[in-house]
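Dropping a structure here in structure tokens format, bear with me for questions.
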Amino acid sequence: MDLAAQTGAKAKNGNKNGKKANGGKSARDAYYDKISKLDMAPLWVVLKNIIPDEPKTVCAPAIWHFKDVKPLVAEAGSVISAEEATRRVLVLENPKLRGQSRITNSLYAGLQLILPGEVAPPHRHSPAAIRFILDGEGAYTQVDGEKTIMRPGDFVLTPSGTIHDHGNESKKSMIWLDVLDVPTVNFFETCFYEHFDYKRQNTRRDDGDSLVRFGSGVLPDGSPHRNSPIVNYPYAKMRPILERLHEADDVDPVHGARFRYANPLTGGPVMPTMGAHLALLPKNFKGKSYQATDSTIFVCVEGEGVTKVGDTTLEWGPRDVFVAPSWVKYAHRAGKESVLFSISDRPAQEALGLWREKA
Amino acid sequence: MDLAAQTGAKAKNGNKNGKKANGGKSARDAYYDKISKLDMAPLWVVLKNIIPDEPKTVCAPAIWHFKDVKPLVAEAGSVISAEEATRRVLVLENPKLRGQSRITNSLYAGLQLILPGEVAPPHRHSPAAIRFILDGEGAYTQVDGEKTIMRPGDFVLTPSGTIHDHGNESKKSMIWLDVLDVPTVNFFETCFYEHFDYKRQNTRRDDGDSLVRFGSGVLPDGSPHRNSPIVNYPYAKMRPILERLHEADDVDPVHGARFRYANPLTGGPVMPTMGAHLALLPKNFKGKSYQATDSTIFVCVEGEGVTKVGDTTLEWGPRDVFVAPSWVKYAHRAGKESVLFSISDRPAQEALGLWREKA
Amino acid sequence: MDLAAQTGAKAKNGNKNGKKANGGKSARDAYYDKISKLDMAPLWVVLKNIIPDEPKTVCAPAIWHFKDVKPLVAEAGSVISAEEATRRVLVLENPKLRGQSRITNSLYAGLQLILPGEVAPPHRHSPAAIRFILDGEGAYTQVDGEKTIMRPGDFVLTPSGTIHDHGNESKKSMIWLDVLDVPTVNFFETCFYEHFDYKRQNTRRDDGDSLVRFGSGVLPDGSPHRNSPIVNYPYAKMRPILERLHEADDVDPVHGARFRYANPLTGGPVMPTMGAHLALLPKNFKGKSYQATDSTIFVCVEGEGVTKVGDTTLEWGPRDVFVAPSWVKYAHRAGKESVLFSISDRPAQEALGLWREKA
Amino acid sequence: MDLAAQTGAKAKNGNKNGKKANGGKSARDAYYDKISKLDMAPLWVVLKNIIPDEPKTVCAPAIWHFKDVKPLVAEAGSVISAEEATRRVLVLENPKLRGQSRITNSLYAGLQLILPGEVAPPHRHSPAAIRFILDGEGAYTQVDGEKTIMRPGDFVLTPSGTIHDHGNESKKSMIWLDVLDVPTVNFFETCFYEHFDYKRQNTRRDDGDSLVRFGSGVLPDGSPHRNSPIVNYPYAKMRPILERLHEADDVDPVHGARFRYANPLTGGPVMPTMGAHLALLPKNFKGKSYQATDSTIFVCVEGEGVTKVGDTTLEWGPRDVFVAPSWVKYAHRAGKESVLFSISDRPAQEALGLWREKA
């Protein structure tokens, strides 16, 4: 949280409430100067700012239209080599958080481009990452020995500490959305990073292996783990589930026909810091207004529609990425049947006893 | 996290790596300008900053000597009335986080003064708070109907959402250390606050009631809860436990004879965002070097000693408050038998799968 | 446990150890008579029996060959009507537990026959049930509104308290294996039963609905539950998972290529009292010897083989049901590739801290 | 469960429902004979017996008056030496379960006598045990190195697998109530036992050490465990808690002012198979009627009163032990202020999803 504004508040309050001392300085200001030398500050000056009546987000509602950003992402391919960039990514910065490499206060997002023939060599880090595939088809991500070929709408996990690398053995460039919990990891000052010198890790498991083993209602014997072992939740298998929910009329008035990506080892979220949903908004859906404390990143997978976020109206179509900030009311509308992917820090907030919603 | 430095990094890198275009601007810079208009930024410029090889804390080791700060806290009594201040507190600001109302990146701390006859009326908020009593004796904190009289060394909880108020019916002023998870709650943008108009809540339970009911090895029937129901862990009852650990030679080479304040309903930490320990350092204790990802706030309760934090040597005595930042090595030494209270965000880090230590 | 033998033991010990009193009765026996009037008995007489050095099962290894039992099950169709029987089932009684309606000490098993056109109307009870389909195809089980058509190898759950009914709208009679935790429920004296007057419950969900919603790596929002919500784990979807494990050479030296049927809401067993596995024994599999405290019921789904259980050799082929009792060593051998389903009370034993294995 | 009655039921039903065949045997009986040879039996004959509409306990309400049993327990001291007996215990057998060494269907109870100067040497076993001290004072139980001196009303744990031994270094004989989960452990066929050759284990911890370390609201760092680490919950520390509950008018209309002995590492029951409570019935308490599926063993610690169990009225005074069987309604009445200890298998039933109550 940027608390710089508090300094201003302090000065103003100091002048207003204190009595002027010699030279125009109030007694309070003199006192504030004195305690400041010992790294102390008066709480009463900032109390309202640091403990607001309800969340006052530092984020703005925002949207990145794919038709606008795609040419720029493509251009990155000529601006910098994959090798030089390590990962060739354009960071999506929330308009109110420019220079901070975040799309919401706790999450990082970026658009990654990988050209035919390129590889992004293995590394691992404490930040957890997801990929949500936007454009192109046929590049791979490899996580702990499973190499998965990615297609649009696929939801790919690289949990905290897993070795992962990418490559594109297809003939088309690919673009996907990366979301990482980097700001959260850095807020807690817990980031570790390790690079490996080889170009790609060995493939030890078939594509889809973890989905079959862990995402079919059965499990190996063994222990629960806080991260889902499923590498890829492919859109081709997930889309029909939405269809079924829709046909069964299992449609939430706020969220549409929606499921939560799950960790089969616990039934909980896929990772402790981030959680994701996929939702189908039926034709002519007019969602009810909703607010929750988790700032949410949405991606339109199919269809088109409008989301009113506070006073801002965001019009979205395929591959657009948009944000509804913490505790700002939002409501979706869709003329066509549409599919929205969403991801937020809700699991972290729930783990800490902080999450709240109001429908 | 203060990412302002990244902007500088960006510019520098841009100049270094790009080719100059007309008018002195490199092609890369031109590209960066273009993407910036759509709220995008190049990852490769900031990558090393936002995903460091290991935690680079934004905090400094720091200490507040009670003998220096007590007169200033006392002076606050004349600078502002309890009524005007709501809570009369001097915030302890980490020297590297001035203006941000935090002692570590995720925690707030302050020294609260309450004069004889004063009351601080009830409110509640999502930030969780603890009090650790430093000086004076006889003021009360009331939490959910239990009014507890506080004495030096007492550890008092006001978990998220509990209604609490304070008052001083004794004849001496009292000073205690407040620690709150305000920065964490605000990082996740989940702060709610509610004020009540009455001067104090009704007392419905005896002093010590919750300790007897929940902190004696027995429990009422019912459900676990993420917050400890114990209002006060009094020093008079806790100190002998240290003695016993010491006598049984149960002394950790890093931490001394130490216990963890616990939530009896789960065996876990007292609250999901903060956890505390009390440790006895035996006479002539020379602790081994240690590092962990949780920035830790220490309070000396008894004795005196020296803690080396990175290259900084902090000399502490009774009622001094000091900080060892994330992943900076520290080691305690004490000539006299000493007691240290400590508190950090370790439970939050553990819940999110982020905590790491190295002995 | 049948402790009748202890009475004998008591008398014998009593005679051996006590001194004869007048009339041939020892002083101890006289004492035993005296305490017996107050419903007391000497522990030292039975101690070795009730606390043995290691489990001494009351069960025998046993097998029911399908070719032998099928004609008798079929004959039941003419002996009693479905209507009169409520459920037309032949109970498989462990040879050492005749008259006790149990196949192992804690589990009940039976072969259920349902003829074309018959229905078994709805009821519910605290005992949990599973069906494992042996013969025929096309009858249904309906659980909480989902009507599932059953095929050989399907594993169907009717957890504690769920309303369920069966019917056969196909043209062939069907036989399946029922396994219930009836002895466990009765041991704890916790059995409740409720009959409903209507012939079948309304179908509210498509066949396979719960598998799609809960057994695909995704979940609805909501709470964990101790019972799996999946009604049918169909063999057609489970068999290929074994194939994949086998191809990946993920073959346990005792159990073969094996998975555990799981509760997707928790990652735990499908129900708290019973757990099941499906295993592929590769061609020429020679399993290592193994013992565990859970008495296990096996069903051969495909192939043929031999299981040595203690000193007993059981030869099995398709649809045969056999039992390996608690803590008796067993080892599988199969010439052909074979598939074994197994079910036991291991989850109950684990929940109570009692389960132990030795490979 | 004794299912012997079913055989009778079978015969009767068989005769009633079947048509007579030649020689006086019905067709059904002939069929039953035929299937019996293959270890099968008709479910429809026993269905009502094995799945009753609600629990039909095999236990009787029962009471052991201390004034009657004490002389007999004392006499055991001359009947058998501690050495020969291993443990000198009179088993309390439920009147309906004679010869089965159980006081309820799932629990064993006995009165143990230890004379001055005697020792009962170390052993360990999978059955978990508790001692509840009735008479005398000064003998010890030692569990995992902590030697605790026992006094009336003390509640002492020897969880599954812990090494324990007893001895009496006082000048008075002592009697306590043992309760073990032996029938449960044997029902699941999971009993292991190990004897040690030395006379007593080394004492490594002070009396009360575990209570201080784990039962004071604080804990060491480390992992949860399913068994409570507290060796002795002494009456001297527990009785005042009842007093406080009573004074706070925290009196349940069924159970009185009551607490649950807890495992501080989890907040759950002291052991997975057994759970205990201590309750104060205020003067002139007239408890409401209650039923639950756990058969409960009560011990009167102080006072006197009457418990109506079904149609049976049990009058109890100090040190009397009595039983309220599963799902039989009971209600307590006490003229004097009284204290009741109680223990049952409720934690096991809850872990298996089987426990139910009705107030």
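The chains carry the letters A, B, C and D, assigned in the order they are written, with residues numbered from 1 in each.
As a convention for this text, a contact is a pair of C-beta atoms (placed from the backbone, for glycine too) under 8 Å apart; a residue touches a chain by one contact, two chains touch by 3 or more.
Worth saying up front: this structure is predicted, and the values here are computed from it rather than measured.
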Practice task
Please find the path from subunit B to subunit C through touching chains that uses the fewest steps, and give that number.
Solution key: 2
Exercise for the section: Compute the centre of every chain as the mean of its C-alpha atoms, then state which one is farthest from the centre of subunit A. Expected result: D
Handout entry: Length of the line joining the C-alpha centres of subunit A and subunit C, rounded to whole Å
Key = 46
Completion exercise
In whole angstrom, the CA-centroid distance of subunit A from subunit D equals 54
Exercise for the section: Please report how many Å separate the Cα centroid of subunit C from that of subunit D, as a whole number. Expected result: 28
Completion exercise
Multi-chain touching residues of subunit C, meaning two or more other chains, are none
Exercise for the section: Chain touch graph shape: choose line, ring, star, complete or other and state it. Expected result: ring
Practice task
Give the pairs of chains that touch; include all such pairs.
Solution key: A-B, A-C, B-D, C-D
Handout entry: Residue numbers on subunit D that touch subunit C, as the complex places them
Key = 1, 3-4, 6-7, 10, 17, 27-28, 31, 34-36, 38-44, 46-47, 50-59, 62, 64, 68-69, 72, 75-76, 79-80, 84-95, 98-101, 105-106, 108, 110-111, 125-127, 160, 182-194, 226-227, 271-273, 293-295, 325-327, 345, 348-349, 351-356
Fill in the blank from the handout: Touching subunit D in the complex, subunit B uses residues 205-206, 209, 211-221, 224, 228, 230, 233, 237-238, 240-241, 244-245, 248, 258-267, 278
